[in-house]
Each structure stands twice: as structure tokens, then as C-alpha cells.
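Shared between the two complexes below is chain A, which has chain B as its partner in the first and chain C in the second.
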Partner chain A sequence: MADTTSAESESFKILYFAGVASFTGTNEESLPAPLPITELFATLEKKYAGIREKALNTAMVTVNLDYVDIEDKTLVIQKGDEVAIIPPGMG
Partner chain B sequence: MSPSPSRQEEIASLRQRLAELEQQEREAQQAATREEIHDESIETKPTLPLPLADYTRYSRQLLLPQIGLPGQIALRNAKVLIVGLGGLGSPATLYLAGAGVGTLGLIDGDTVEESNLHRQIAHSEDRVGQYKVDSAAAAVAGLNSGVKVRVWREHLNTGNVLRVLEKEEEWDLVLDCTDHPSVRYLLSDAAVLTGKTVVSASALRWDGQLTVLNDPVGEGPCYRCVWPNVPEKGSVVGCGEGGILGPVVGVMGVLQAIEAIKVLVSRAPKKEVEEKTESTKREYRMTLLSSYPTLQFRSVRLLGKRKTCPVCGENKTITRETIETGSDEYIQACGGLPSEEGLELLDPVTERIDVLTFKDKVYDSESFVKRRVVVVDTRPKVEYGICKLPTTNQYEEEKAEMVNVPMEELDFKGRPSWLPVPEDQWAPKTDVYFVCKQGNDSQIAVKKFKEASKDWDFDGEVRDIIGGIRAWGREVDDKFPIY
Partner chain C sequence: MSGRTANPQSGAPPLSDPANPPPPQFIHEDPIYVGLTHAPLDIPGTIDKVRTPKAGAIVMFAGTTRDNFNSKTVKFLAYSSYTPLALRTLQRIAKSHITPPSEEHGGYSKIQKIAILHRLGEVPVGEESILVVVSAGHRKEGWEVAEEVLEECKRKLEVWKWEELEEGDGKEEGGWRSNREGVQPVGGPGLGCCGGRGH
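Showing the complex of A and B:
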């Protein structure tokens, strides 16, 4: 919410679903772009210690509504992209 | 006011007996009805493919070009297995019964509890205590007596999954309405091995997800293709008690019914379907619902089958045998198949305290030695806001200080700032009690506290309350809310 216009324009949106949102305490936020997809989990781990083991490792990831492989070295999240972290079902 | 435990048991067992008798009666009536319909169609209208009444009953969906008469016949001939009769299975079952699906199989080992009723709409107050499958069968019978219902009063597990999926009935489709990740993986694996399509959904908090797996059979991705890394024990994603809003899980169950009807109708003989189905290249998708703060649906594109998938990929390591012998990962997945086993991290005698002794010691004692008591409640703030232990005794005398420090805020780097005791004021002797909902988190907290407090001059007692605030509600104060 407090993002300035310039910060927003250099960021991507990330959505957290279900149990992942329980961990982050928020459903969505903005993170700085560009970011290689291979660094996404490490970036989130820095922000939310423990999230990798407890929530991310089992989750699927989409970028702009497409399922992606988080080990894809060619994929870089760009500004304006929408990333979603979706855990397996639980309730 | 409320009935005694033995009376409750008696009521529950009578309700159960009633449910069983009602089920038998329904089955007898259904058999009789089917014979009648059969006779009637032979004698009077041998050319009508549906019972006469069905044309009126299902007219609103018959009018849809994508359904029509062939679609309705397909629904009538269809057999659908619904695994789990909770928040998802309730609406899914009711809508499939309403749509005229001929046979519904219901499997669930749970009984109806009052706390289910806010979201599990197939059940009702007068059926609390009955098996959920019996309660749902009664709801189906009330809605559409033409639907044949078969029930299994057991949880799906490695021992029965292949039998129920394959041997006992020829299911056209399976609905995954379960609430435990390991059952989801088990069901998906067994469905791939027995050639069944699965309509899978889940919901937690304000979010839901829906996808159709192994569709077409042998072509579409399975649960493991989408989520290859099975959640392990302790994963908050898999096992968190995050809460759920009734309509959120309800809408996901309704969406499952939509997808189920589409799959069943799509298998009707093509030449008879009036409107040609578009023959676009098959896309695999998942529907996501996020309903807070802004209500939004998203449809994300999945990849197809994973070559490395252990159940439907090139090197299969999950087979009928590994399922039947149980020598697979379901046991580990998210703490295994559902059980109520509690954590045993501490010595129950020297490191824990039961609620009655705790009450005695803290609230009722007339000890001459003045002790400072700090109760640390480690539940999330929202739960602390629902109810908490008292700080005073029955004469309104202050007996304890209370702080709410949710687990993720329990910080032991140095002397904890959340402890309401100044560093130089351990004396008079201070005792610290940790409490949570059921007595698991509180043990972890005591363990951490003990390790950290070695560096402080703390010499009071540190214990956790066995069974948490639930035990307090059960054993000490019958006016205490249990949620």
C-alpha cells in the first residue's frame, strides 16, 4: 500500500494461497523485479524464515496464470508479472 | 441442562440405529420403485428412454443443448463415488443428487459434530452423532428418492481404496472431497491405477482450488503431476488448522458438481449430442478462488503429465502392490493418515501439569509463600480473542498474569521481552506456565524456554498445561467455550 509509484513500476505482484497465506500473514504483496524464478524461494525465505521448509517446497508456482518450473534457469519474473504460490489441498 | 455423557451415548447410538433402519427402508423402497418404473415403461411407453416424470423433473437442465436427452440419460446411468462428506462433499452430493445422477457412493468414517454444521450442509442438528454418510444419504433421499445411494462407514485408506474404487462398483467418476493431504495422494494414485477420473477440490481460510485429474483417463495429469513434493509432517501447508468460511468450501463443492456433470455428460454418445462439442486441443486447468479481501476467480494453466511422475510417468514406482502393502509414503505424508495422536515431547510428571492440579495450585491454594504466576498462551491472537484462562479466582483475587504470545512470536534470543517480569525481579519466585489449544505447541514452548533460560538466573517452575484450554473446558469449567 505504501509503495511509491516508482517502486510499484519496478515490482511484481505475488499471491499467497491457503496455508501459505497463513504463514505470510498476507494474501498478496509486491516484490522487486526482475527476479530469476530460481531465486524466488530464497527471497521469500529471507523475508519469512522457515517458509521454505514448511510451505514452499510442496507448493506449485504460477507466473501470469501459467504453471512454471521453479528450477527453470531461463525464466525471470518481470515487473508487472503476477506470481501465485499454491499449496496442495488441505481442507 | 445438557444431557449426561451416558445419555448422550445412548442418544447417539439410537440415532445411529435409526439411520441404519432408515437406510434399509430407503433401499427397499428404491428397489420397489425401480421395479415399478421398469414395469410401467415396458407396459405403456416402451420407447421412452427416461421415466416419464424425469422429463418434467429435469426439464430445466434438459433444455441445455450441451445436456439434452443423451446427457440426462448419461447422468441417470452414472455412478459417482464421493470421498468425504464434509464441507465439499455435502454440496457436491446434494447437487449431483438433484441433477439425477443414478448412483452415488458415499465414503467417510466420521460422525456429524455440531461444529460441522456451519459448512457441511448435508447434515442437520437432529443427525448429530450419526455417521456422515448416513446423514448425507438421508439428505439425498429427501431431495431425490430416485437416486440409489451406497455408503461406506469407514475412512478411505490403503487397505480399502482399491476395493472400494474398483471391485465393489464400477464408478464412472470419483470426487475428492477429503480434508487430509495423504488421503488426496492415496486417492489420486489409486484412481490412476484403476482408470478413474478425479474431480478434486480443497478449501482453506478464504481460498479454494479445483481441478479435474486423470481426464481423459490415462492422459490428464494426476495429483502428483501437479504437486510432486508430498508435504511432510510439520508442514503448515498440509496440516494447519487455518479455519474455513462455510460458503468458501461450499462454493468449491458446488464447482465440483459442475465439473462432475460436465465429465459425465461429455461421455454420452457423441452423435446424439445435439450441439457439437468443440474439438479444441485439451488444456489442463486449475480454478482458484480467493475471496478476501477482493473476491476473485482465476484459471491457471497446468502442464500435462509429468514424465517423472511415480504413478503415471515413465518409471512407475507406485503400484497396486505398494498401495496394498502400505509400504509407501502415505504413512509419512503430513504425519500419515489422519489420527489423533498427541505430541509427547516433555516428561508428563516433571515438565507438565494437568488442569486440575493447575487449578488447585494457582487459583485455589492458600500458600504462605507468595508466588508470581505467569501464564503464556501461545495460541494465535484470534483464538485468544475467543476465550482464555482466568487470571482471578472465584473471589476475584488476582492469581496470575496472562500474556498472549503466538508461537511465531515466541522469541528466545536473549531474555524474552514478552515476559511481563522485569529482569531483576525473578523473586518472589516466578512460575511460568505455557498453554495452547490442545497441548502440543505448549510443549515446544517449554522445551525452548528451558533451553534458553539456562543463561538466566531463573529458578521457578516451567510447565505446560496438558490438553490445553480444551482440557480446562472439559474438566474444570463447563461454561468455558470449546471451539
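Showing the complex of A and C:
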């Protein structure tokens, strides 16, 4: 968790869990900010081809611990935000 | 795709160093007590958290690691969490079941106190991964609420279960188990081992 990068000031942190982390091969990374939430999945798909179908379509998203609507056109991820991709629960 | 690691363990949760586990996270705001910890769950201690003279029943559910899944041998389960959010979700679930006194329950609350604990990291076969403990004036309400709480936790809690299987014919080392897709094999797409993916 103490991992920091030099681009921190212009980036947000994104967390991956369970099957999503299996796909990305990492639990956490920094991505450039700002980023409209509507572009998040496309950004990840570009970086990890196939992730949308295999992992993101069943997942939810939080920004700073609040669940958000990824189609919310007014929501822009800001630098320093903590975003998380939340896969389905244990059922 | 070259960045993807071939290490079969890449999908496994970071198993805590037994000598140096992350600190447990608890919220104790009587009448609720919730927490996430890498340590074995303390059953008597958790029951004590919900004791009250107003209760005639304490109902506990303990979820334990079973040694098999779909006729495969399970070596252990391991749980990872988005801990700050999961703690908040536990608190919200617990609080939502503390209702005001009502005529229906003889002028008392439906239940008195509630405790929910989830263990993280590796949980060996036979040990507890979750405790839901409810004290109530009467047993019926206790049973009811304990079951509702457990189902809510399974649906909503930001905790994920890794199933480590006994190696059978080579490839099957484990997978993430979720309610929508069954087991997700370690390597993601292309390594399908356990079925149940997609629809």
C-alpha cells in the first residue's frame, strides 16, 4: 500500500481485487487524472485487452469508498482519488 | 499482454506473513461489534460482546472451511478484502438490524445486540471464516436476523474468497469463487479449468 510513483500528483490510484487482480496481474496502480468515469472501462480495456468482458461487466466501481454510476456524465475522477473495481461478492 | 505474469500464484491473495499480519480492524459501538482480522476468530469473546440481561437467546452462525468443492479437495480458503469499505459495509449491515422498541416485540427491540466478524487471509479446513452472533429477547427473532445478516454479508461484503484446491491433473490450483461466475481460474481467460464461467 505504501507504493508511490513520481507521477502521483497527476494521477489517481486504482485498486483491483480477486479475479480482476488476476487479470491485471497487480492489486494497485496509478492512472493519469483527471478521467471522466464514463471513460474508465475503455481506458482499462485499452490497457488490458479483454478485461471488460471477462471481469468488468460484472463489477461495480467505487470512488473514495462510495459506489458510483459509471455512466454518470458529471463525474470526473480527480488526482488523488482512490478508485476500486469491486467484483461480485461470494454469494 | 506481455505484461501479464504467468505465475500461477498471481491471482492468489497476498497471504499474510504469519509473523507480521496486518492489524485487525474493529468497530465496537454498542450494540454493534464488527471486524475484520487475520487472526482465528474468538468465539467465546464474540458471544460475550452481545451478552445482555435483556436477551433470552444468543444465536450464532459460524461459517467454516469445508474440505471439498464440486468433488474436488479443498486445501484451504483465503479471503482478501477492500478493508476500509468492507468495515463500513459490516457496520451498515449491523446497524440496519438494530430497530427501535416496538409493540410487536413486547415493548423491546427485535434484537438486542449484534456482532459480525470476518477472518482474512488463509483459513484452514475446519476453521471459521465468519461469525454472525445475535442476541434477542426470544429465539425466533434471533434466528431470523442472524440468517438475514449472513445472506446480506455474502451479497454485499467487499470480501473475496480464494479456493485453493488439491492439484489433480496438473493445472487446477485454485480460483476466485464468486456468486456470478463460479470459480475463476487463476490465469484468467484461456485457462478455464472449473467451468461455470460466463452464462
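Everything that follows uses one rule, which is that the second predicted complex is superposed on the first by the 83 of 91 C-alpha atoms of A that agree within 3 Å, B and C clash if a C-alpha of one lies under 4 Å from a C-alpha of the other, contacts with A are read in each partner's own complex, and residues count from 1 in each chain.
Definition applied: contacts are C-beta pairs under 8 Å (C-beta built on N, C-alpha and C of every residue); 3 or more make two chains touch, one makes a residue touch a chain.
Since the structure is predicted, the reported quantities are computational estimates derived from the model, not experimental observations.
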Chain B versus chain C as contact partner of A:A18, first or second or both or neither: both
Chain B versus chain C as contact partner of A:L31, first or second or both or neither: neither
Chain B versus chain C as contact partner of A:V76, first or second or both or neither: neither
Overlap of chain C and chain B interfaces on chain A (superposed complexes): 15, 17-19, 21-23, 27, 54-55, 58, 62, 65, 84, 86-91
For the chain B and chain A complex, residues of the former touching the latter: 87, 176, 179-181, 184, 200-207, 209, 223, 226-227, 229-231, 234-240, 242, 244, 249, 286, 288, 290, 292-293, 298-303
Complex contacts: residues of chain A adjacent to chain B: 15, 17-23, 27, 53-55, 57-60, 62, 65-67, 84, 86-91
In the complex, chain A residues that touch chain C: 15, 17-19, 21-23, 25, 27, 49-50, 54-55, 58, 62, 65, 84, 86-91
Contact set on chain C toward chain A in their complex: 1, 3-5, 10-11, 13-14, 80-82, 84-85, 88, 154-162, 176-181, 184, 186-189
